[in-house]
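Same chain, two partners: chain A is paired with chain B first, then with chain C.
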Partner chain A sequence: MKKSINILFFLVIAAGLVGCNNGNDKRSSSKGQGGLATNAAERVYVAPGEHDEFYAFMSGGFSGQLGVYGLPSGRLLKVLPVFSQNPESGYGYTEETKPMLNTSYGFVPWDDSHHPDISQTTGKLDGRWVFINGNNTPRIARIDLKNFETEEIIEIPNSAGNHSSSFITENTEYVVAGTRFSVPVPQKDMSIKDYKGNFKGALTFISVDPDSGRMGIKFQLMMPGFNYDLSHPGRDKSHGWFFFTTYNTEEAHTLLEVNASQNDKDFIAAVNWKKIEEYVNNGGGKKVPAKYAHNVRDEHTHTATSTMLDEVLTVNPMDVPGAVYFLPTPKSPHGCDVDPTGEYIIGNGKLSADLTVHSFTKMLDAIENEKFDGEAYGIPILNFEDILAGVVKQPGLGPLHTEFDGKGNAYTTFFISSEVVKWKVGTWEVLDRQPVFYSVGHGMIPGGNSREPFGKYFVALNKITKDRYLPTGPELTQSAQLFDITGDKMELLLDFPTIGEPHYAAAIPAEMVAPNSRKIYKLSENKHKHAVIQDSDVRVERDGKEVHIYMNMIRSHFNPDNIEGVKVGDKVYFHITNHEQDFDVPHGFAVIGANTAEMLIVPGKTETLVWEPKQVGVWPFYCTDFCSALHQEMQGYVRVSPADSDIELSWGLGED
Partner chain B sequence: MKNVLKSMAALAILLLVSCGGKEEKKKDGIQIGQKPAATETPKEAPASDVKPSQTIDLTNKGVGPIKNVDIPAEIDEAMAAKGAEIYKMNCTACHKTDKKFIGPAPKGILERRTPEWVMNMIMDPEGMTKNDPLAKALLMEFNGSPMANQHMTEEQTRQILEYFRTL
Partner chain C sequence: MIIGSLLLLGLFKFPLWNIVLGAPQYPDPLGMDIYIQGIQGVEEFDIQNIDGLNHYIGMKTIPKAEDMWEFEVFPLVIGIMVALGVIIGILGFFGKVSYKWFLGWFVVMSILGIMGMYDFNLWLIEYGTDLDPKAIMKLENLDGTPMTYKPPLLGYQKMLNFDVDSWPATGAYMIFAGMLLTVVAFFVGKKEWKSK
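Up next is the complex of A and B:
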């Protein structure tokens, strides 16, 4: 691991240098800048032993994980396993973590992770949790920033393509999950051709316990069968509202590339969640059967449990008058972004030449004065002209997402023209544009989705890499680019590779997270039911065909390290407790022929790996994480006898 | 060439015969550097042959956070009981109370070490093996297996020490 981080680090530096040269050559801007011409290298250089200024949590895209990077260096600090099995640590392979990946479809070892969002209090980042959505088998995960572990995953029923997720309200009251694909609700066997008017789009509001972070579905708003693409919360003055972009208001079910681009305008759905919350708290809504998994990891037992739930509360928007409105927005809007004051809602129409900015104040006025321009499935459509705050004229091609620097500027990414455009909120004038390499998706400013952004850097999360790095066959890693945005003009500082396909990202000043980061799990707080806390608890027990080995480990031995009496056909559980109480002394465990992965056990934790020996013999196990000068001595043997053998279980360490 | 082979074979037989005469049974494994008892050189003065673990040093307080500990004559049984619990959880993976295991046995330790030295060894094993000559020698005696830092507080360490007094 450490080696590969080193390699990555060199790659980053090498790529950075190459990238800057290329940037220099290709830049159309008049200034002859670039990594070597300016002091860009100095500004991203974090000297050996020093730390980065920000943590950046970047979605792992189709890896299903969450990448943790340091900014400004772009160094990969860790890959946190979330929705996918991770053989490096044993996540999703050990008995303790397998329940995290349970769903109503059974064990699903992969997902497509998209939009991380950091918890907030009064609209400001509080650094407690990161939420992220699994797009494919709809789920929302909560990662705890003390443990840097996935602590909870909740499945979203009635949803498909969990894309307008996982964005939080400004006191983390709710994490919101909207469906990209509308589906029959409840699911049933019906002709696809009958989509229009019959499918539903569920917008799910998941409450978050302010102390524990525990999630629970509060209600699902059953909207018309459009595609709900992205969303963002209202904040400050617009707190209490949530905004979702829609496309395919045509309700096409085939060849969407053409058929979903027919309407001149689609909508941003404005949802007054406070109003619906009140309705629900007063007994409103309808409970319907729905099967979904809720998986929680306990910090003291280090063990996840999966509970299958069987009903969910649904709300028909028609039953809560005044709760939902449609804001007409040109041409299949993708990103839906709200500025730090909460006044402006920006709809980035993918196929539009202009950026549309709605005014929250005007929206309230239009609602009050019923300035409607029709309705869709009974939901009022507000009059476009009456709610329009302004238009950013012809800023580029293919706008996707907008972030804010807290100084009155907005930064919009353009996929087709492959650039980032800085414009002024209020005057809508374009201030600067910089090319990116290539085809940027999301952009990210630390705290850019809050009342108080830290407007120092902008990270472009590019979709296409091409010639930015040394070729590595047909498939390249994705590419991020770091800009300094403290001056009038954005300045490209660094390219760095990212895992999977990072969609959105969220970053926070390191000092808000680093001091709370856990160093060890205390043995005295270990409540795992198979923990070996005292050496006298070391034992091996047989229960029919199951053999349970209760083992501990410390530099540099396993206790026991010789085990006999195991037979072919047994299912052997290694329950191993790491007795180290020192920072960064994990031990690994691997046994020959195990059909799983290794497991990496951090100090004070207990984990369990199952091994089903298939052949008679004497088989070794060993520590996989170089732990001490005697790491190579950290090994043991299991004797496996024929199934009909009468050899009794025995175990030991040293010759007693 | 043939002759060489023949004489080699003869030599080998000779060697085997001569060995068979001396030893009853061949031992397994590797035996290296074993000299006949008769040619063994006389042992050096016993003082220099004492293992670091058996060395008695009741003045050295070691290097670390503990500068001075007052030890009342009476053992505080409650404190010792707490120490025993902590010891069981955090230390027994490497230490058995009355015999050498991965590390030395704590029984009788205060007959050979100052209480300060013992506490510093528990609280800062890295610092001790780096800066205290005796701790450094102990690391070699115990196969280079370092004592793990279990991050005991001073209070916990003092309780462990009290437990050691009861052994």
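Up next is the complex of A and C:
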């Protein structure tokens, strides 16, 4: 009681100080004097025309896309389409991009994107690609940071709920995709009640070509039928290992909220992927039939192709002794995080009040000395006490995920107690805690997933916003909150809304990406088979019921802009090349009644939209992107005649 | 003298003149470098983009090297002047010709330079005033006369939304330096002649 009176007394004094201070020097004090005296606004203010210090790539969650933000301003720079159709640009609607969304289930125009990760070289961000997982129909996408476009999507067979993905090893050797749901492998008609012992959990290692970035499934590790929640690569000393959290080691198949929460400890699966890679390179593993799509966009044809593959190499962990171990970890761990030195593996037991930290060195020692505590499906379980590095005692409720600042501190998010807690790696003492609004999922520090984090900001990625913004009906935005973490205490600077649900994010200094960002596609490098580079190649051709219009566009006209001879029942392909070679002059194309979307064509690119006219008439098309002073003049007509008409195809521009 | 005239060779490598067009929408301004052999964009697509903008006001496209006799004659003239300068220099060095030849070269070069500038200005006038009668934008000055778009020969001018800067470039500075050196050579020669 006395203590609290003292605190109250102190607060009154402090408030007095702030009050006095305000009169003279309102903005200069940055430390310790309360909200009124901070200069938080100044520290997130990026003046008009200035650029942000970091790019932040935030998962678009159930939008299926990737949000590109600037930090510290929190400004949304772009919604980058990945797993969902995007009528704004025509992604997933144009003939060139439709194959990107092809899967073994056919065309899947939506997904739930979760965990972006930026490519690395020797454990440091290299700013070449961002990888992100589609959770619902298991896929991994690679986004190129020169073009800021989705260049490749590979489907993951034998997986369901692609959640412990898409994390990369420290030289981007592999991007890893683990399954959340275990399923029958191969899929078959069987009773759900027979789950236990029969379902499998596939952990998929996708190799990444160091030059092209091209992905290919190297092997799938067929693990016991647990749920694999999140994963993290070892780095530095633990490079060569990968760690996956599991829950539902009970192998329940119904009412998981109760039945999967019974075991006192679940596991972190430690996978020695180098050992398995060697095994596979020496001919190990078993090829099994599996249908999955591999979709690649070519930079020069701007066109994606989808290839259906039919087998995958599986590895039974029992066949590679010493490749997989289980680290007992309390209470359904969610995040699995490895500190920048590679020594500490943090299990964020989401139903536990404590954080469990395993030691990589002790893990190796326990393996060497066979300090096992039983086994599960033949996989050795290491003794909990032998590998324990420490416990962060009672830091909060519902720990989900931990990031590192590269200065020996860790930052753990707590969903239930809605806070971020800073603690010291090695001593496990809690240094600071700050509330977040509300219910944070992941947190992110730029480069926090690498050997060398840029420990300036921490971004809390929140699931719930309630009253934080103006209400917008029952459905509200999610949010991100930016903390300055350069001082002893975390300081909340900014709170901004995000697209979809920002599950996880990855950020990188802007200077590592911005100088490489493409300005235009060169027409001279356009290899699209329907490109119209010369005006003399402009034409309209009929092939049965298909009409192909080979068109180009430049400020401020389409060539041709009058087309006749199209008939009801035709399938009309507009192949349009943007002849601009100037920065930031895209043209849009939209035609009345198209059952697709518009398409936005950037300078030098060719894209194709299909239109199926259903009525006789003269129908307009126009440019949708305000391109120039004569944008409103950038338009044209297609004459559509009855199906039995004998009007020949004709086209023109500027003729009377 | 020899060095001075050899500096003119720089014209084959460096632009003589540079015209830059900046506007609010062009934070990275468009620019053209005028060489004695032709006109090139400062960046790869600048000429194309300048032409694209100029079509609104009905300007002709920027001439290619083969469209103007100047781009054939200029290199020839410069080549001849360099050769002459070097020969005069060598002969002067061995005392075969008088130092006055140095000045003579300078005078000829100056006349050629002025003629070149005059020609350049004529071209700018033609380019800026001979507009397509079907131009998209036909603007008038306050006094009702049709607006023309001759870029400045030297200096800065505001033209519609564009800030136009026209200045000598590296090649021109090399000519100036070269010509200056020949004048220096003249005075050095004169001094030596007097001291003999």
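Keep in mind that, in the parts below, the second predicted complex is superposed on the first by the 618 of 656 C-alpha atoms of A that agree within 3 Å, B and C clash if a C-alpha of one lies under 4 Å from a C-alpha of the other, contacts with A are read in each partner's own complex, and residues count from 1 in each chain.
As a convention for this text, a contact is a pair of C-beta atoms (placed from the backbone, for glycine too) under 8 Å apart; a residue touches a chain by one contact, two chains touch by 3 or more.
Keep in mind that what you see is a predicted model, and the values were worked out from it rather than measured.
Undergrad: In the superposition on chain A, see if there is space for chain B and chain C together, and answer fit or clash.
TA: clash
Undergrad: I want to verify the contact counts: of chain B and chain C, which reaches more residues of chain A?
TA: Comparing chain B with chain C, the partner touching more chain A residues is B.
Undergrad: Considering only the touch criterion stated at the top, classify A:334 as touching first (chain B), second (chain C), both, or neither.
TA: neither
Undergrad: Examine A:554 and indicate which partner it touches, taking first as chain B and second as chain C; both and neither are also allowed.
TA: In the superposed model, A:554 contacts both chain B and chain C.
Undergrad: So, A:139: does it touch chain B (first), chain C (second), both, or neither?
TA: Neither partner.
Undergrad: After lining up the shared chain so the two structures overlap, which partner does A:534 touch, if you call chain B first and chain C second: first, second, both or neither?
TA: First partner only, chain B.
Undergrad: State whether A:253 touches chain B only (first), chain C only (second), both chains, or neither.
TA: Neither partner.
Undergrad: Report for A:629: first if it touches chain B alone, second if chain C alone, otherwise both or neither.
TA: Both chain B and chain C are touched by A:629.
Undergrad: Looking at 98-106, 134-142 or 170-178, which bit of chain C clashes with chain B?
TA: 134-142
Undergrad: Both chain B and chain C touch chain A; at which residues?
TA: Common to the two interfaces on chain A: residues 520, 554-555, 580-582, 629-630.
Undergrad: Can you list the residues on chain A that touch chain B in the complex?
TA: 520, 523-524, 533-536, 552-557, 559, 579-582, 585, 628-630, 654
Undergrad: Chain C touches which residues of chain A in the complex?
TA: Within the complex, chain A touches chain C at residues 520, 554-555, 580-583, 629-630.
Undergrad: Inside the complex, what are the residues of chain C that reach chain A?
TA: By the definition above, chain C touches chain A via 28, 44-45, 48-49, 52, 56, 136-137.
Undergrad: Once bound in the complex, which stretches of chain B touch chain A?
TA: 88-90, 92-94, 101-102, 143-146, 148-151
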